[in-house]
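What follows is subunit A paired twice: with subunit B in the first complex and subunit C in the second.
Our next item is the complex of A and B:
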């Protein structure tokens, strides 16, 4: 398997992140773990944005990933982190395969609202489920990794951080290839001209369906990792504000590069954390101004700063 | 001659408006057929029904002897009938060569790969050949929105031909193209069509283009076919002159490029 420049760069950054994990304080490790896990969900949102669809319900798969990890340990004796994460992705794929049959018939605001509706249905079901802790959710059981149980606290935190970085790297490389592969480029073609795609003998609907299912799997992985990192899941994971946050991060980063959602998620986490720390009553306003500034000055997202720099170098 | 496309009593109604009325057409393999008619005569409706874009109200459409009624545009394309559009249907945020590469990938498989790169060396080389064949190699890396209308039309037609169709339907291939460019454009298209051995049906308003390139003309008026035959005969027909072409002087250039 030959790696291109982007994939090598991603690998080096991931290695640097893992090494950084050994020297950085616990709070920073935790913040980065959550940011990177959310970036995986955002990758799912971005995959769909590239095909012209905006999902306001990606929290559905984030929640499915998280709850499957939690329920696997709590009710089915699945304590291995990899098995639980894989199961979360599998469940998300099955759900996406069913919902996708309906959702991929719709475009624009209808797709956005329907995806949001399904996410809110899950939220409603979880809120009403006493066995799953209702609005409080429940704690995730202690987990293992190939039979090895990390120490509670810092050990566990560092392990899940490393797992998140490695997962992020694998997903980033796959998505990087996906966006350059047939389906990735043709999904962009669907966004640009669905009629032409149809008259090339392809089914836009099935292309969007494949994209939707793949995006669901990636987002569920992000949900599962968040559950492992926080040790807790609750219905808020499927709430519309959570899905809105993923769209926010996607816009913040832009669609220009596979690394953009990771950078945007980290920036978002820092802005929110420090806004809450210093202006606890107006932190939402700070986030609002941040998004406003990005939309006005960087309409193609934070990544356009990097691409501008590259263009400048070439010139 | 073998019939490639046949319509039987094809009708299309939009409420009270009858856009197509009992259209009975037989197109034989290898023919180059021109469709003429004033605006609203039903020419594009006919093409849209045959290519699956519009569902006929009644009637039958046979392609290579098999019914394609109710088939999706992609199924009809896969069956071997391609089309171009009055307004070129391209991918505006992609370069000219990338438009062709997408078409090449689509022609290779209905299920695009999840991980193999779309821009393979083989596809790039083939796309460059097509660019040269259609004389648009100078626009290779230009966004399609930045190239002239004539070149855009050629790219649109090239994309339709990439899947090696048996039949090609062109909806006003020279519309929006300057008078000077029309002949070059049609010569390029007809050369490509001859190389591919494709049956062609095209809608056209320019009677000089019709006379020059087609072997047969269908004249539409108010959803009906009012004349069908050799260009000279159809264009000289009194009803066609009254209702479609106006009283223009008829010229006999023959099928110069066919």
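Our next item is the complex of A and C:
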């Protein structure tokens, strides 16, 4: 297995992150963990965007991942973090395989609306289920890692951070390889012109289906990690505004590079933390104007700021 | 029997409310191909304007109550007109011709801006304008008591639907608008001022949204976030009926209204589920909605 330049740099950055985790203050660790976990969900959104589909319902799988981790500890005695996360991904894959059969028949706004509807269905069910704490959600049970229980508080926070960085690295490398592979390139062809891809003898629908299921798994991983980090899950995870946030981060980063969603999510989390503290009632307004500015001035996202120089040289 | 009657009454009241909310959304999509995520914010702006105006009226002058109904409608018209013109001229005009899905995201940005804009203008504490609601009293139907305001809402909604239909199908301007819906480019070639039609349509849509909010305001407490709740319901209604079809929106509203009322009475835990359940079911069999047109794929 040969590593290319991107993979090596991703690995180095991840290593630096893990080391940074040992010296950084707790609040920063927490913030970064949530940002990176969200970035995983955004990776799911971006995977679908590359083939032209905008999901306004990725919160569905974020929520499934989170609730599975929570319920696993609460009701089924699954306390091992890896097992719980895998279970979350498994449940998400099963759900996505079913919903995908229907959803892949739709494009553009219809895909967006229908994915939104499915996530709202889950929201509706969770809000009405008393056993799961209704609108309040419930707390995630203390968890272990291969039988080892990290001490509550700082210790477990640090462990989740490391797990998130490692998951992020694995997902990033996998997605990077996927986008560079032939089948990943076809995704972009599907976005540009689906009918022509069909003429070439490929089935865009099954490609989109595969994308949808893979995106679901990645997003569920992000949701599970968020649940472990915050120690709490609530139905808000499936509400459509949560999904809107993921779309926002995806557009902010752009589709140019596998690292873009991570950077965008970190920028987003920092700006939000400070904006909510200093200007609580104009935070969404700032988001709105930023989104418009990105659409108008940086249609390829923040990443185009980084990559602009290179294309400039070539031209 | 009583519970069936209750479902029918609750269902039609809810349906007429849904239609009010969804009508503007579907008109805008039909003509401009913009799925307007900010529609819920127009609803909220209408509700806020009406609630603050009516609240002010009752707190300061003890004038006759019927004036408050005029104020409700007047507040909605003014608010819808102002916001509609500003948004269409100031933002959307710069964005025409982009992908439908990008327009969704642009109006999502607009929603975020308007949500906080409302917090700046009206603050975060709730507004009440219950007087127009309580003033009309209640009617007994067997064992049930129904608020007259809600019944009046059914009438208003039906009138509005008929009015829209008559405008589209029976007037010259409506005919021109249908030409734009049918084929924008040919309409331009035939000398239709499409830009003007867009402005008219968008302002009409925002005003309808604001009107829905204003008429709802007396029945609820107007708080931040009401628009965000409403927009997904409106989406469900118009998607069921077929985007852009007014008749479709009416049928969608009835379908959602009645099934939600049935769920509330017989299986309350499925209240929210049933709305999106109906939507998914309809879309599974008719992707373009019940009354939507099927479009050919372009190469």
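Criterion: the second predicted complex is superposed on the first by the 308 of 315 C-alpha atoms of A that agree within 3 Å, B and C clash if a C-alpha of one lies under 4 Å from a C-alpha of the other, contacts with A are read in each partner's own complex, and residues count from 1 in each chain.
Following the convention adopted for this analysis, a residue touches a chain if its C-beta (ideal position, glycine included) is under 8 Å from a C-beta of that chain, and two chains touch if they have at least 3 such contacts.
This is a predicted model, so every value here is computed, not measured.
Visitor: Quick check on the superposed pair: does A:116 touch subunit B, subunit C, both, or neither? Answer first, second, both or neither.
Guide: A:116: touches subunit C, not subunit B.
Visitor: A:174 in the overlay: touching subunit B, subunit C, both, or neither? Say first, second, both or neither.
Guide: In the superposition, A:174 touches subunit B alone.
Visitor: Tell me which partner A:183 touches in the superposition: subunit B (first), subunit C (second), both or neither.
Guide: In the superposition, A:183 contacts subunit B only.
Visitor: If we overlay the two complexes on their shared chain A, which of subunit B and subunit C does A:292 touch? Say first, second, both or neither.
Guide: Once the two structures are laid over each other on A, A:292 reaches subunit C alone.
Visitor: Would you sort A:23 into first (subunit B), second (subunit C), both or neither based on which partner it touches?
Guide: In the superposition, A:23 touches no partner, neither subunit B nor subunit C.
Visitor: Pick one for A:192: touches subunit B only (first), subunit C only (second), both, or neither.
Guide: Once the two structures are laid over each other on A, A:192 reaches subunit B alone.
Visitor: Tell me which partner A:207 touches in the superposition: subunit B (first), subunit C (second), both or neither.
Guide: first
Visitor: Between subunit B and subunit C, pick out the one touching the greater number of residues of subunit A.
Guide: Comparing touch counts on subunit A for subunit B and subunit C gives C.
Visitor: Intersection of subunit A residues contacting subunit B with those contacting subunit C?
Guide: 193, 195-196
Visitor: Which stretch or stretches of subunit A touch subunit B in the complex?
Guide: So the residues of subunit A touching subunit B come out as 174, 177-178, 180-186, 188-189, 192-193, 195-203, 207, 210, 214.
Visitor: In the complex of these two chains, what residues of subunit A are touching subunit C?
Guide: Per the stated touch rule, the residues are 54, 56, 102, 105-106, 108-110, 112-114, 116-118, 120-121, 123-125, 127-129, 193-196, 240-241, 244, 247-248, 251, 281-285, 287-289, 291-292, 295-296.
Visitor: Under the stated contact criterion, what part of subunit C meets subunit A in this complex?
Guide: 35, 91, 94, 99-102, 104-106, 108-117, 119-120, 124, 228, 232, 235-236, 239, 243, 268-273, 275-277, 279-280, 283-284, 287, 297-299
Visitor: In the complex, go through subunit B and note every residue touching subunit A.
Guide: My answer: residues 51, 72-74, 77-78, 82-83, 85, 89-94, 98, 102-103, 105-107, 109-110, 112-119, 159-160, 163.
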